[in-house]
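In this document, chain identifiers A, B, C, D, E and F correspond to the written order of the chains, with residue numbering beginning at 1 in each.
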Amino acid sequence: MPMVQITMLEGRSTEQKRKVAQRITDAIVEEAGARREAVVVAFHEVSKESYASGGVLMVDKVK
Amino acid sequence: MPMVQITMLEGRSTEQKRKVAQRITDAIVEEAGARREAVVVAFHEVSKESYASGGVLMVDKVK
Amino acid sequence: MPMVQITMLEGRSTEQKRKVAQRITDAIVEEAGARREAVVVAFHEVSKESYASGGVLMVDKVK
Amino acid sequence: MPMVQITMLEGRSTEQKRKVAQRITDAIVEEAGARREAVVVAFHEVSKESYASGGVLMVDKVK
Amino acid sequence: MPMVQITMLEGRSTEQKRKVAQRITDAIVEEAGARREAVVVAFHEVSKESYASGGVLMVDKVK
Amino acid sequence: MPMVQITMLEGRSTEQKRKVAQRITDAIVEEAGARREAVVVAFHEVSKESYASGGVLMVDKVK
């Protein structure tokens, strides 16, 4: 029963999450031999104030 | 210091979480020999748009 | 489909993990209304060199 | 920088993990608009003694 | 690419998270030899109703 | 009781983890006002076959 936990910035649409969950599940079923019903995917969405790379919060990044 | 992280659909009441946290802590203390004060339980609650099983978001499931 | 992830020191027996998994699942089913088959529990066991509380690795603690 | 954490039973080959990581990254890049270099995937592999569904350890399941 | 996931009570300011992310990244870069750009830090903030220690929800603790 | 979970490549020494755990704990205590005894840090170390960035396993990267 593979558990997939995705941490990412908030702001993705339901349609985007729908497709990501579907394709991740397909990948695990087809490549790793898991039963489809046993694959669980959860999205943990965090704000730009709660996510940093390189030591800098996303909210502080100049694009 | 066992850390317990629970990912589940949002919608449970405080009373439900109170009892779950209590019983999980009891189980780890009584069965695994941990000190009670050292057991931490966190609930990560996700929406139906952020949770999928079998590649299908909970919001898309027909019950 | 609640996912339960437990991080704890290595060294517990299979029998201890069996009972903990069973009781945690019982708690979530009975208190939070989850379907039993949908509850997944995983134990992530770490060594005393990979676990710290209060800023001190377990391997460095004087009991 | 999406972080993907996969908890699954040990025993998959490097080739299986290679393909799963590739396809999950493709899905997140193509469907959710993440930069490819920013997607990180980690596999946390647990033994049959450390994984339970429905309250029963995998090692105790009769197939 | 070290991934750091912090679960804590909600209520910290952006400035507090900014400094924590910065210092954690510094520590991993300077002590563990990671590339700065590769360190990701995410804060998962939970409410007092979703966090327990010693089997007691934070909301139930008498200070 | 902040819980810090670090996923990184295996191979760091105990001394490196000792210092990282200490400095992370200092940062959370000093910047976010947590009690020192309540901060827990766990290192989840994965192999180069179990870690990918940009869709490529670490074992496949040419440095």
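Heads up, the rule we're going with is that a contact is a pair of C-beta atoms (placed from the backbone, for glycine too) under 8 Å apart; a residue touches a chain by one contact, two chains touch by 3 or more.
Values in this document were obtained by computation on a predicted structure and should not be read as measured data.
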Graph distance between subunit D and subunit F, where chains that touch are linked: 1
Between subunit C and subunit D, centroid-to-centroid distance (C-alpha), Å: 19
Where subunit D touches two or more other chains, by residue: 1, 3, 5, 7, 17, 24, 26, 38, 40, 42, 44, 51, 53
Arrangement of touching chains [line / ring / star / complete / other]: other
Touching pairs among all chains present in the structure: A-B, A-C, A-D, A-E, B-C, B-E, B-F, C-D, C-F, D-E, D-F, E-F
Residue numbers on subunit A that touch subunit E, as the complex places them: 7, 44, 46, 49-57, 59-60
Residue ranges of subunit F touching subunit B (in the complex, touch as defined): 1, 3, 5, 40, 42
For the subunit A and subunit D complex, residues of the former touching the latter: 1-8, 12, 16-17, 19-20, 23-24, 26-28, 31-34, 38, 51, 53
Complex interface listing, subunit D residues touching subunit F: 5, 14, 17-18, 21-22, 24-26, 29, 36-45
